[in-house]
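In the two assemblies presented below, subunit A is common to both, partnered first by subunit B and then by subunit C.
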Partner chain A sequence: MIEQIRNQARKLLEDGDVDVVIGYAEGSDPSRTTPVFIRKAKDVDKLIYDPRCINSLPLYLNKRHEYTRKGWKKTAIIGKGCDIRAIVQLIAENQLKRDEIYILGVPCEGQVSHPEKWDGSLHDGNRATKCIGCDVMTPHETDFFPGTKPDVDRSSPYEVTSPKVANLMELELDKRFAFWRTDFDRCFKCYACREVCPHCSCNVCITDETTPSWIDPAAHKKGVFSWHLTRAMHLVGRCTGCGECTRACPMDIQVDLFNQRMKEVVQESYSYKPGYSLEDKHPLITYQVDDREDFIK
Partner chain B sequence: MGKKIEIHDFEPKIMAFVCKWCTYSGADLAGTSRMDYSPNVRMIRLPCSGRIDPQFMIKAFEQGADGVIISGCHPGDCHYNEGNYYARRRNTTFRQLMDFHGIDIERIEFSWISAAEAIKWTEVIDAFTEKVRELGRHPQYDDEIVDPYAQFLVQKDQESA
Partner chain C sequence: MKTATLNKSDIGKCIDLLLQSDLRVIAPRLIPRLDEDGTDSIDVLTFTEVDSGDDHQVGEGLLPLNGVKEFLFAKHEPLFAYEKRGKKIEIIPVHHEYPQTVIIGVRPCDAASIASLESVFSDANAGFEDPFFTERRSRTTFVTYSCTAPDASCFCTSVNLAPDSAKGSDLHLTELGDGRLHVEVLTEAGEAVANKLETLLEGEGDQAAREKAGATVHEKLTRLRNSAPIMDWLMDTANFDDEMWERLGEKCIGCGACTFVCPTCHCFDIVDENKGSKGYRIKFWDSCQFDHFTLHASGHNPRDWQFKRYRNRFNCKFKIYPEKFETPGCVGCGRCIRACPVNLDITEYMAEVAHKAANPNAMKADPDFE
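And now, the complex of A and B:
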């Protein structure tokens, strides 16, 4: 499978169809892979793909990163299903044009949740929670795909994969707050969750603004709730659920529980699933005259 | 017409973010008509209910508000045609977010109040103030409200004194 991808990448680079291929290469130790930017056809053999490739590559397509300002006309990117969902969402938000991107789709059987848990194979013990109930193991939007794509029904509603969301919803309000209180006590606002997010595309993040200072950016408790609520609110209806925020968190705070819950809410209220359509606008920038308003007096 | 002044143990702090075309004018009408309503509410006038960023509400709670009211024109009456429709969607999701976070969504009130509905404004404010008074103080962000830098200043003053 990876041979077909390499051949296609080589062909694209030799013909000058793309300027760069973004993919995965062997990392610093055998349990890790690293993102790699390939610009010369002779380097194509570096590309690999296996269940260790959990990094979300669409991050490098986000306009706030310098990679997008290098003057590359066309970028090829290796995408597993969930990454392609993120790319599709970026295109739907006009952050990216479809013809700037060449998507090399890969069939995916799931990813390892943490590199430390990699023991040579993928099994139920080390599979990432986002891969349970995944409907894009065969990617939906590709320019090149090794083999033939079977038809997959993707109309089913969004499934919350983390059991913690349901558990939290069953708790009483105070207990739920206590859970977040203890979790957020560890947060020292490194903003890793923002840095890895493919959808955080503000040029100046609201926490970096100083006039006025909406969220206190220093590493004390003040502003911790504010930051996490704001982050979750900005991603309502846009988060495609790659789970990178939780994976990047140095203090193991499960920040993507918020995103999962909000995906469920958006699905219930506006039957919208982010990342599946190139045209549909996300629900908070559109409206229906007869939207639900049972909470309004 | 004046109400009997009651003394309570706890007076809630309530922030109101209101649209200037409808609710603010409605509250203005309540004022010029000499209507009585709870003095616990602090209003902030904004161009439209669509301008009310959830950030404002988060900040209000973080700085010690016990309840927040958002109010704007009735659907179809928006001065900018569609601002309140966006506000409605935004608040549907924001309330769920606060609920998941563990904050009582009874503390957030959303209401459509037009410029002519001064009576509705006084009723909404009185009812909400009463509700928040029963819920009591909003204690969740207590250790956030304390400004660590100000704390440092206070300690330093005490040491030198």
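And now, the complex of A and C:
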């Protein structure tokens, strides 16, 4: 399969159809892979694809990465289904135009959550939670796909939410708060959870604003809670569930539990899940008379 | 140097004895998780305060996620409080507690990093003293523990350290492989701790067995880099604009993960947290990987793009630091490698520089990059 991808990437670069191919290459130790930008046809053999390729590469298509993107008129990108959801959302948010990219879709059986858990194969013990109920293992929006795409029904069910979200929601409020207090105690506000998110697009994040300073920048309880709650709210209806924020957190704080819960709220309220169709209307920027409003208290 | 042996199984008792002497004890601990049903978490080992000898992971696991930095250089702390009264501003001192502390189970790389922080924060070296740091430092004793199982990201031996190094230690423990620990008492503070543990320490240590145990661990390190040519290459200002920086740094996304987990990174910012007419002036961790780190009020930013920020981090570790101080800029703990979400690996830069120093016109990662 990777041979077909490499061949297509080679052809695209040779024909001058794209300036760069964004994909995965071997990382600096056997359990890791790394994003790679291939600019020359002869380098396409660096491209790899296996269950260690969990990174969401569409991050680099966000306008925030304008310097990296400079000179790339047309970009090819290797995309798993969830990455393509991120791409669709980036297009919806005008970060990117559909004709600026060429999507090399790849089938996906799931990805390993952490390099520490890579033991040579993917199994139930190391599969990322986002992959357990994934409904885009065969990607939905592609320009090239090795083999033929089976016609899959994506109408239901919604992708599975981590069981931890349900566990948390069952806890009494004070216990739930205690959970976050313990975890947030480790947060030192490195903002890896923000920088790795394909949809954190702001050139100046609200937490970095100084006049006025909306969110205390220090990593004390107030600074940390206000940062995380704001981050979660800013991604409502936009988060495509890539789980990168949790994966990137060097203190292993599962910040995407917030985003997963908000995803449920959006699904319950608007039967909407972001990143599936270029034709979608986005609930937070469209109004319909039958919109429910009972959650506004 | 005084030596002794200690049973590894008695570490919990050691902790209890220290607690009974009214010391604050910090040790590696596993943080309990909400549940075990998801795979998206790893065991979270952190240095945390312990309240009993039953709950610790001294000598288990490799490196706690946080390191010991936050116990000397706080993640955030008030410098003073202030209150505006009419046209006058009153400065009100803030009381800080500096409890007498023992941090136990510190690995050699983390122990070596303490001197690096001291270089920046203490008077003798920097010509300036950060009283918050020095007060904590003078009340903290480090009980260190030789590594037995370095992982693929460790590279202490490439920066003149070692998995059994006792640098920066007050009291150093090394597993002898038979359930016993070799104990080295290295400073007065270490002696004071040893005295409290007297009932558990036995006779003289076995120095030969300790050296042998240490040497076997050296062989387990796989990430080996030659750091010797790096500083000279960086000192040549022409190399500051080498194309390698842009090519290697382009995937960096500018999170601060690598700097915040780094035991020697010490940058901080200061902000006024204001409420009406009063507030606190707060010092808190900052990172050169942030886009506003060197942003001037004029709008100009000398490190305007991310690869320049990463270039700064590398230069900070291997040029600026060694040029100014005698302590290491990087202790080879590998935390930045484990933490980086895009696998931008500092040792790849080290290898690239070593290659460049030998072949000025060729880039290792991309031989025909123009």
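Everything below uses one rule, namely that the second predicted complex is superposed on the first by the 285 of 297 C-alpha atoms of A that agree within 3 Å, B and C clash if a C-alpha of one lies under 4 Å from a C-alpha of the other, contacts with A are read in each partner's own complex, and residues count from 1 in each chain.
Everything that follows uses one rule, which is that a contact is a pair of C-beta atoms (placed from the backbone, for glycine too) under 8 Å apart; a residue touches a chain by one contact, two chains touch by 3 or more.
Just so it is clear, the structure is predicted and the values come from calculations on it, not from any experiment.
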Which superposed partner A:L229 touches (first subunit B, second subunit C, both, neither): first
Subunit B versus subunit C as contact partner of A:K117, first or second or both or neither: second
Touching partner for A:M262 - first (subunit B), second (subunit C), both, neither: first
Subunit B versus subunit C as contact partner of A:R127, first or second or both or neither: second
Touching partner for A:T34 - first (subunit B), second (subunit C), both, neither: second
Which partner reaches more residues of subunit A (counting touched residues only), subunit B or subunit C: C
Touched partner set for A:M251, first subunit B, second subunit C, both or neither: second
Which of subunit B and subunit C A:I206 touches, first, second, both or neither: first
First, second, both or neither for A:F177, with subunit B first and subunit C second: first
Which superposed partner A:L168 touches (first subunit B, second subunit C, both, neither): both
Touching both subunit C and subunit B, counted on subunit A across the two superposed complexes: 168, 179, 218, 220, 223
Sites on subunit A touched by subunit C in the complex: 27-37, 55, 59-60, 65, 67-68, 113-114, 116-117, 124-130, 162-164, 167-168, 179, 182, 186, 188-192, 194-196, 204, 208, 213, 216-220, 223, 243-244, 246-248, 250-252, 254
Parts of subunit B lying in touch with subunit A, wherever the complex brings them together: 54-55, 58-59, 62, 75-76, 82, 85-86, 88-105, 109-112, 124, 140-141, 143-148
Subunit C residues within the subunit A interface of the complex: 31, 34-35, 37-42, 44, 46, 65-66, 70, 75-76, 152-153, 223, 250-251, 253-257, 259-261, 269, 271, 273, 282, 284-285, 287, 290, 292, 305-307, 335, 337-339, 341-345, 347-348
Touching residues (chain side subunit A, partner subunit B) in the complex: 168-169, 173-181, 206, 214, 218, 220-226, 229-230, 232-233, 236-237, 257-258, 261-262, 265-266, 269-270, 283-285, 287-289, 291-293, 295-297
